[in-house]
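In what follows, structures are represented as structure tokens.
Look for chain A in each of the two complexes below; its partner is chain B in the first and chain C in the second.
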Partner chain A sequence: MSWQVHLPALVVSVPLLGAFISIAMVKPRLRNLWFATILVATTILAFLMWRYVAINGTLVYVMGGERWNLTLPSGMTLPIRIIMEVDAFGAFMALAGSIATLASGLFSVRFLDRVNDGNKFVALFFLLFAGMLGLEVTGDFFNFFVFLEIASVASFGLIAFWRDRPEAIEASFKYAVLSTFVALIFLIGVGILYGVYGTLNMAAIAKNMQVGFLEKLALVLFIVSLAMKSGAVPLHMWEPDAYGQAPAGVSCFLVVVGQASLYGMFRIAFSVYGQAFEGNVLAWVIIVLGLLSMFIGVIMAVIQKEAKRLMAYHCISQTGYMLMGIGLGLLALSSSQAMSEYGFTAMKGGIFHIINNAMYKGLLFLTAGSLFYATGTTNLNKLGGLARKMPYTTFMFAVAAAAIAGLPPFNGFVSKLLIYESSFVVHPFLAVVAMVTSILTLASFVKVFQSGFLGPSRDDLNNVREVPLSMVVGMMVLCVMIISLSMMPNWVLANLIEPAARDLVNQASYIQAVMGSGL
Partner chain B sequence: MRPLSIVVRTICNIFAWFVAIFGAYVILHGHLTPGGGFQGGAIVATFIALLLVAHGGKSFLGWVKKEIFSSFEGAGLVAFVCVGFLGLSTTFLYNFLALKGGLFGSAVPIGPNAGVLNSSGTIALANIAVGLEVVGGLSAILIFMFLGMRYVSEGGKEGVKDDK
Partner chain C sequence: MINNIPMLTVGALFVIGLYGVLFKRNIIKIAIAVSIIESSTNLFLIVLGYRTGGSIPVYTLAGEFKKMVLPTPQALTLTAIVIGLATTALLLTLIMLLYKHYGTLDVHEIRRLRG
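Up next, the complex of A and B:
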């Protein structure tokens, strides 16, 4: 037994320890060092966990058990204790999330110099990190709810971090009310399943799942609450405010936290309900959510004048691609012919889009943060001609914008192409909407690039200089990731994406990892 | 907030201590009786609330600094995570003290019994850690609410500093 079996517990507890100790840090320099150390350590742990799962298959971990894999002590028919379960999909999400978090943390180090209670920022940041990773490693419904709440409460504080701005307080309050409401909806769903099956473990519920009225009711509650948390369209109204008002490093982070909720939705749809849920209703609901998010998100984005708000609307639109890709996979779940024809390609596209979006959307938010740091505004009407003064930021923005618009050499193109190909098989309309969205995305980022970085330099921006080194390093992490994802899409597809897609489809192995094959 | 009358203050001086002791009892017996770290911590925090209401905030803040509650909070949280890490040779949060004898690990006899206080292993440690955290957290909330009230009632003029 290597120490690496403890990784699911460590990726949650190390950031928690980081959060609690950072409250007591007196010297800012020491605190910044601690911040960077724990960030890097957690990212390394997430990477090791991904590697362990890639080599040894699904990893289960029993908190406080006599053995780390003693999920089902003899004589029990249901698993006891809190169980973490990490398959390739969960490990992939944790890895993608930690890389984006590392970048946003490095970017935020200099931001901490400008606030007088940076300790609290660091504490909330790590709590959010622990909550996000917890969502992606847990195998238990109630724990999922607990981590959802940890992540929510930490994000309320982070969104309202500039609390002298009324808009920030408003955004945070709006998010707090909605998010608490849907978390309780989620809890009711958990209560229903607990009442029917007498257990909270996802794999145990999946094994005994018989879809009746109560299970369908619970599923509706889960999908509604997680769609809201991830910002899919009919429930997206908090997202532009929250992402637009949060400090830029936090906006980048909130993108991957939203994706963790998306992960929960897919986990429930595939691993808990899976083939027990007959008919295509669930798949079509997810696809339609995706279509709406894609299109409405992008047409709202085109008309924005405020860079961060524009990017927040794009975030909604990109969520649509993931929903559509994985929804198509769900549509094909019951027939192996459909799965090989379009389903698996669509899922690869959707999952690839998750990591792509985490990287380029995160980078875009960070460049918006650099603009704000350097000029004090992100209003596009007040910017212009910054390409000479901020060459690094301009370069990174160009890379990220090309990637999000799906221009051919970049990674966004690969995942979008997979989604176009597979959705065309199901219905051409889906592919058309996806392509139109992509074109409008390009249009709106051309607008940002033109009005922010090109054009004659403005007199009121003469004193602008490039942002400090640590911010450039933070952006560089994501930029390097985007370029490497673009350079070797085949390697990424074979080693990162396909194992994740296979594990997500394979409900039996998810159940077997906890329940064993004997029962 | 001004102090209340001498009657209220005297009663508070006598009886508030019982609240604190009862809270400590609930924390320490968390594994045997209803309650536990959170509930007991909340009861101890009502002790702080009683003092704050009866004696007024000015004299209360003369007795204790509010930073001490923040340090309670941090210490409790760190202690809880450390209890988890100490079990890591088996699993995270493993109860490594149970049935080992000593202060926390005595065995429980089979059959009906009144409960053995020092039988719970790390559960008692975790309860104490949570209790400490909740005492600190809820008391800090009460104090900040009081400071906010003072800030508002005095027209926001008095230099109530940022809650650093």
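Up next, the complex of A and C:
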């Protein structure tokens, strides 16, 4: 047994260890070193886990035991113990999430010099990291709830990190009330499923799933809570506040944490309910959520004057693309003809969009952060003519804006094209909304670029200088990722996206990896 | 009927909490309402695992009983209580800071973020 089977436990425990030790770091330099080391180490672990899963198939890890099951004297077998299950989709999410986290961490290193309690920042950052990765590797409903709460509690702290700013506290409070409430709703859903099936393991529940009233009720509770956590439209109010007020590195990180909740939603929809859920209601609910998020998000973004708030609204509209892509896949789940006709393409588009969004949205938040670092404001009316003074930031912003708007050579174009193609087959209206959203996205980023970076230089910004090296490096990580995703879309689709989409669709293999053929 | 009383209590607590979160203007009352919802969730989990006439779920003390109360929901509840403690503490901290900044506890006056 190679050490690599322990990877699912390691990706969670290494950042957790990092969190608790970083509080005790006395010297800032030592702490920065520790911060960078643990970040890089966790990212490497996530990469190794992805590779292991790509080669050996779904990885099941049982905490503190060799086997998951317990056979009672009466002959009944029960799945007990804490089980982690990583298939290609989970591993892919963990990889995308940790690359974006690495970038936001490197970006934040210099930011820590400006604050007194950097240790606490590092501790919360790693807690959030552990929570996010935990969401993506767990195979058990209750642990999903626990990791959801670990991530939430850490993010309340990080959003309110500028505690001298009333707005930051206000944003954090809003998020805290909403998020605690929906997490409890999620727990009630878990309780209902436990009451019916007597187990908490996702695969075991999926195996016995027979959709009745209670299961539908639980599903509604799950979808409501995870849609809120990922910032889909009817419950999106917290998102612009929280992303707009958090430190920039944290906003970049929160994007991927939101995607981890999205992962949970898809995992529950495909792997736990899957084909047992008859009818198209669930798929259409997800698609309509996607449409609303896309359109309302972008409309609200166009009228914003504050760069980070604008980007946060775009985040909502990008979430809409993922919801729509994967919702279309869910629509096609019961018929293999529909699946080959449009479903699989849509899933590939949706999943590709997840990694694309993590990269370019993260990069946009980081450029907004460096604008703030250099000039002290992100209000577009107070910026202008920064292209000459901050050439690197300008370049990165241009790349990220082109990618998010879906201009042809960039990765955003590839994933959006897949979504347009497949949604057109289902109904042209879906494709039209997606395209209009894309055009409005372009419009609003042209506005930001024009008013922030172009134009004559302003007198009050004469002393502005480019941001320090480590911040540029942080942005560079994401920029290189965007460019390589754009240069090699075929390789990425074949090696990263397709295995993930295939594993997500294949409910039987998810169940079998844990339950075996027995029981 | 008498057997359903725990479940009815869960429902009642949840509705009271929901009412508080949605309609109360004082943010401390909102935090209390969140805690009430939390209690209803915990009670729900405990009720799920209860078996009438069951013994305690400790192997060495179980004795000759045929039925046992389910241990898993109790473990879940313990964890949920600890998590609830953390979130309540954070909520109250945030309320304290909000009061320092805004000088009020009224939700209608704490709204600089909009649009």
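Criterion: the second predicted complex is superposed on the first by the 507 of 519 C-alpha atoms of A that agree within 3 Å, B and C clash if a C-alpha of one lies under 4 Å from a C-alpha of the other, contacts with A are read in each partner's own complex, and residues count from 1 in each chain.
Going forward, a contact is a pair of C-beta atoms (placed from the backbone, for glycine too) under 8 Å apart; a residue touches a chain by one contact, two chains touch by 3 or more.
Treat the numbers as computed from the prediction; the structure is a model and nothing was measured.
Colleague: Specify the outcome, clash or fit, for chain B and chain C once both structures are aligned onto chain A.
Modeller: They fit: once the shared chain is superposed, the two partners occupy separate space.
Colleague: After lining up the shared chain so the two structures overlap, which partner does A:F395 touch, if you call chain B first and chain C second: first, second, both or neither?
Modeller: Once the two structures are laid over each other on A, A:F395 reaches no partner at all.
Colleague: Anyone got the angle at chain A's C-alpha centre between chain B and chain C, nearest 10 degrees?
Modeller: Between the chain B and chain C centres, as viewed from chain A, the angle is 40 degrees.
Colleague: One more residue to check, A:D117. First (chain B), second (chain C), both or neither?
Modeller: Only chain B is touched by A:D117; chain C is not.
Colleague: Regarding the shared-chain residue A:G195, is it in contact with chain B (first), chain C (second), both, or neither?
Modeller: The second partner, chain C, only.
Colleague: A:F449 contacts which: chain B (first), chain C (second), both, neither?
Modeller: Neither: A:F449 stays clear of chain B and chain C.
Colleague: Between chain C and chain B, which one touches more residues of chain A when both complexes sit on the common chain A?
Modeller: C
Colleague: Per the contact definition in the header, classify A:W34: touching chain B only (first), chain C only (second), both, or neither.
Modeller: It touches nothing on chain B or chain C.
Colleague: After superposing the two complexes, find the smallest distance in angstrom between C-alpha atoms of chain B and C-alpha atoms of chain C.
Modeller: Checking C-alpha atoms only, chain B sits 5 Å from chain C at its nearest point.
Colleague: Do chain B and chain C land on any of the same chain A residues, and which?
Modeller: Touching chain B in the first complex and chain C in the second, no residue of chain A appears in both lists.
Colleague: Which positions of chain B touch chain A when the two form their complex?
Modeller: 70-71, 73-74, 77-78, 81, 84-85, 87-88, 90-95, 162-164
Colleague: Looking at the complex, which residues from chain C come into contact with chain A?
Modeller: Those in contact with chain A are residues 21, 27, 30-31, 34, 37-38, 41, 44-45, 48, 72-73, 76, 79-80, 83, 86-87, 90-91, 94-95, 97-98, 101-102, 110-113, 115.
Colleague: Quick check: in the complex, which residue numbers of chain A touch chain B?
Modeller: Answer in residue numbers: 6, 9-10, 13, 16-17, 19-21, 23-24, 61-68, 116-117.
Colleague: Spell out the part of chain A that touches chain C in their complex, as residue ranges.
Modeller: Residues in contact with chain C: 142, 145-146, 149, 152-153, 156-157, 160, 163, 166-167, 169-174, 176-177, 180-181, 184, 187-188, 190-191, 194-195, 200, 240-241, 244-245, 303-304.
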